[in-house]
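Structures for review follow.
Shared chain: chain A. Partners: chain B in the first complex, chain C in the second.
After this line comes the complex of A and B, so read on.
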């Protein structure tokens, strides 16, 4: 088990903040407030936040926002960002057309 | 930390989370133990999102029909999260006469169970989905099938169960079950011992190891499935798609991206070098899927793939899950071996198992899915 294991640990209430409307994941247009709220809904890992809100699932695959998302989750949980595992990197590294990946055209 | 509950659930996937939701809704105390660090990390987040009845084995079809009639329509509202459920039909496509024969067989068996599914010709297929290529010569059409977002649905069940008091523990690997006075009672995990009046094992393929500690063995194996996801595209269609040989499936999500799965035929022999709890894609599969998809949807040739992913399915010997009580082990409830089509029936499975545990009976007959159905050939 680890610091995130007990999902019933009290992390306090969600408190709205002035910068909650700030866009964090630009590809999927996810705001800081949405991420913070999701943490209070029980999404405590970067992977769960990604699956719940789509952060890091857009064109850049999280290469822009991963660090920001990590920091926001850690702060909300009152832990160090080092405690959070990164989300799995997925191929391809850059978006590739279907006809190219299918090898039917160079 | 209280480690006792009415029901201890092993496996924080969509089945475990759904069961936790329906059990806490009915006033039971529940503990859910998940081995990975993430809720819904196995097949629950690694499937095509199909919520279909057509193409199913008659033994599990009643569960699928029950879920689509009673649970899926109000699920988003009930859970307070948009599960992106669509009930816009399923086309199972055929490109050869052989395919049409397979589809006819599936259709006949489903019709006999009372499902509204029928064979349609190429013209009608085109009317329903004008983007399909001319290679498609027919399909089976089930208008009440559909799809939903499996990642969000799993987490929505988790969120609501947690709100209702279910206790979730992640990163906690279960080692074995232990009986007390003949009844399964204790769940021995790496760091803790949990105790329940009932123990529900819903841990995908890993259920096998856990169940073997009380002498139960579900005949199944693991198989890798791989999918690809495109960038968001303009809206094209809402149907769920499959094929006669089940070699290709997919849908367009509300987000606009397409999620397509398929096989290269090399699945059983591909090298999987993925991290623990995160199987890797084989280099050979996504290109093969692209070639397959472009044959069905030529318009998608310029769509960009942003992501590929892989997952393991727990393939049961006879293609349908093992569900319910096990006579040999009082207190034990099993839900595994979903064989790659568990997501669509997950709400029904969770709800019916909660009813089995609380009331000792179910609305849907689960008898054909019992553990004691496996027999040697002689």
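After this line comes the complex of A and C, so read on.
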């Protein structure tokens, strides 16, 4: 049971901020406001945010924004970033074209 | 599927060291690296490294890289470049993209040495071209010979920020300021001091609040922050710049461990997500090791030792050396690693304010906030003494693991003592012969040869100089103080460059003798 298990916890209303239009995930063009809003829409984990907004799912695979997104979610939830589970790590670690993915040499 | 006894992922300092150590024991090793050249970040490091002889102290980073490659080829290590490891699965199976195909390999042991990625910070305009990481700046300058821009603001005062600021100046860029949200400079004081004495101002407790420009950076605004790192209105400062360089720390690239199911932890002291390892790098999965920054952010010198440790452990795991041989090798390596992890900047001291040196001397607060030791603070450090004739003045004021100066002096004038982190001092009765070896050997460029009275009311100061164009004998310019401000007129009376100095030129300037302990840099 961790702090994220209780989804009925009141995290307050979404309050618009001046820097809401700032790009956070450049590859998928997701803004800070969209991420903050998603938390208020009920996406409390990095995995949920990724599926909902595609942050960290682009070309750089979150190399730049993973830490930033984590910080934004944590702040919105009022917890420490260390309490958030990191995104699932899965192959391919780097973007690979489908024609290469399919060309396996066993 | 091809099988290897040891697969190393990453051909940086730790990965290569691991491969070398294992191969020397007879292990059949293959190393994969996604880059087109091996060596990781080492070939971008043009500065002299700290440490002791065992840690390649006073050798420039790229030279250490060359040595490592030679050693790897001698040991018969096979390095496959342009080979991206795309996955690590249970049972030590990996997939590697080479060319247009995905190849499968299985290792009896695996060492992951994938290093780290740079952190970013956001501010309005942070996606403009011209906002770059410190690593990118190094790649441009030191690998490709390209200036990142003309005028640069550096964000981050850790060793990376300080070292890269200096390198930017060496590449001919102007560094307008070094800013950091922290209230104190994070990196070595000597690195800060060599930047400050050229006239670069430090803005601590400051962060970037806006990058200006429409299609590229044309300027930057920084603001002071309060104790909760919120910008304070009315404290904005604007600089005309075309580059904003970001050096705000690194995050381990540890995803392969997570994917294969190793136990992980989120450890801010280690820079983020890292595998949980024993003292020699073995993860919760037997035979899978971590080495270097991927297991916790440190620097190249410790990464190389960690690599060697993991290599020895893998060799023993595979039966290529006995438990006893392993223990013997690890004992020496542990000693080397321990000595690097001593002093004020030891990983255990991260974030702490240390007010006194091990010798009991008050640390210079000016150094921690402005980047230079003030004139009234400098005299209290043991390396700063007065003597008749030429003598070394060592402005080394923090306990860091480094000692090339004591080996450099052929006359034994300089001593560090038992502990590698001690502050250097001038030994009793020693006679300086003005050879300059100490000045060139100091990786922190903190040693000067001073003759406080060389006649006619003048003093001479010999200082390390690593910029172009190199001043010539007879040039008249300004003597700059530790804070980078002009203190007096200075004339170049000697320029020395020996092979043993390894590209550190020694400039001797003549200044009015009242500035003997004040002038520390020359500007034409």
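Simple rule for what comes next: the second predicted complex is superposed on the first by the 103 of 106 C-alpha atoms of A that agree within 3 Å, B and C clash if a C-alpha of one lies under 4 Å from a C-alpha of the other, contacts with A are read in each partner's own complex, and residues count from 1 in each chain.
In this text, a contact is a pair of C-beta atoms (placed from the backbone, for glycine too) under 8 Å apart; a residue touches a chain by one contact, two chains touch by 3 or more.
Quick caveat: nothing in here was measured; it's all calculated off a predicted structure.
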Quick one: on chain A, after the overlay, do chain B and chain C clash, or do they fit? Just give me the call. fit
Which holds for A:99: it touches chain B only (first), chain C only (second), both, or neither? both
For A:42 in the superposed arrangement: first (chain B), second (chain C), both or neither? first
Quick one: is A:10 in contact with chain B, with chain C, with both, or with neither? Answer first, second, both or neither. neither
Looking at the overlay, does A:52 come into contact with chain B only (first), chain C only (second), both, or neither? first
For the overlay on chain A, what angle lies at chain A between chain B and chain C, C-alpha centres, nearest 10°? 140
Pick one for A:90: touches chain B only (first), chain C only (second), both, or neither. both
Would you sort A:2 into first (chain B), second (chain C), both or neither based on which partner it touches? first
Could you say whether A:24 touches chain B, chain C, both of them, or neither, answering first, second, both or neither? second
After superposing the two complexes, find the smallest distance in angstrom between C-alpha atoms of chain B and C-alpha atoms of chain C. 5
Of all the chain A residues, which ones make contact with chain B and with chain C? 88, 90-92, 96, 99, 101, 103-104
List of chain A residues in touch with chain B within their complex: 1-2, 4-8, 41-43, 45, 47-48, 51-52, 54, 57-59, 61, 85, 88, 90-92, 95-99, 101-104
Under the stated contact criterion, what part of chain C meets chain A in this complex? 1, 34, 84-87, 89, 95, 97, 100-104, 117, 119-120, 122, 124, 126-127, 251, 253, 255-256, 258-259, 264, 266, 268, 272-273
Partner chain C, residues of chain A touching it in the complex: 19, 22-24, 26, 32, 63-68, 81-82, 86, 88-94, 96, 99-101, 103-106
Interface residues, chain B side, partner chain A - complex: 1, 37-41, 45, 151-152, 154-155, 158-159, 162, 167-172, 190-192, 229-231, 255, 275, 278, 281, 286-287, 290-291, 293-294, 300-309
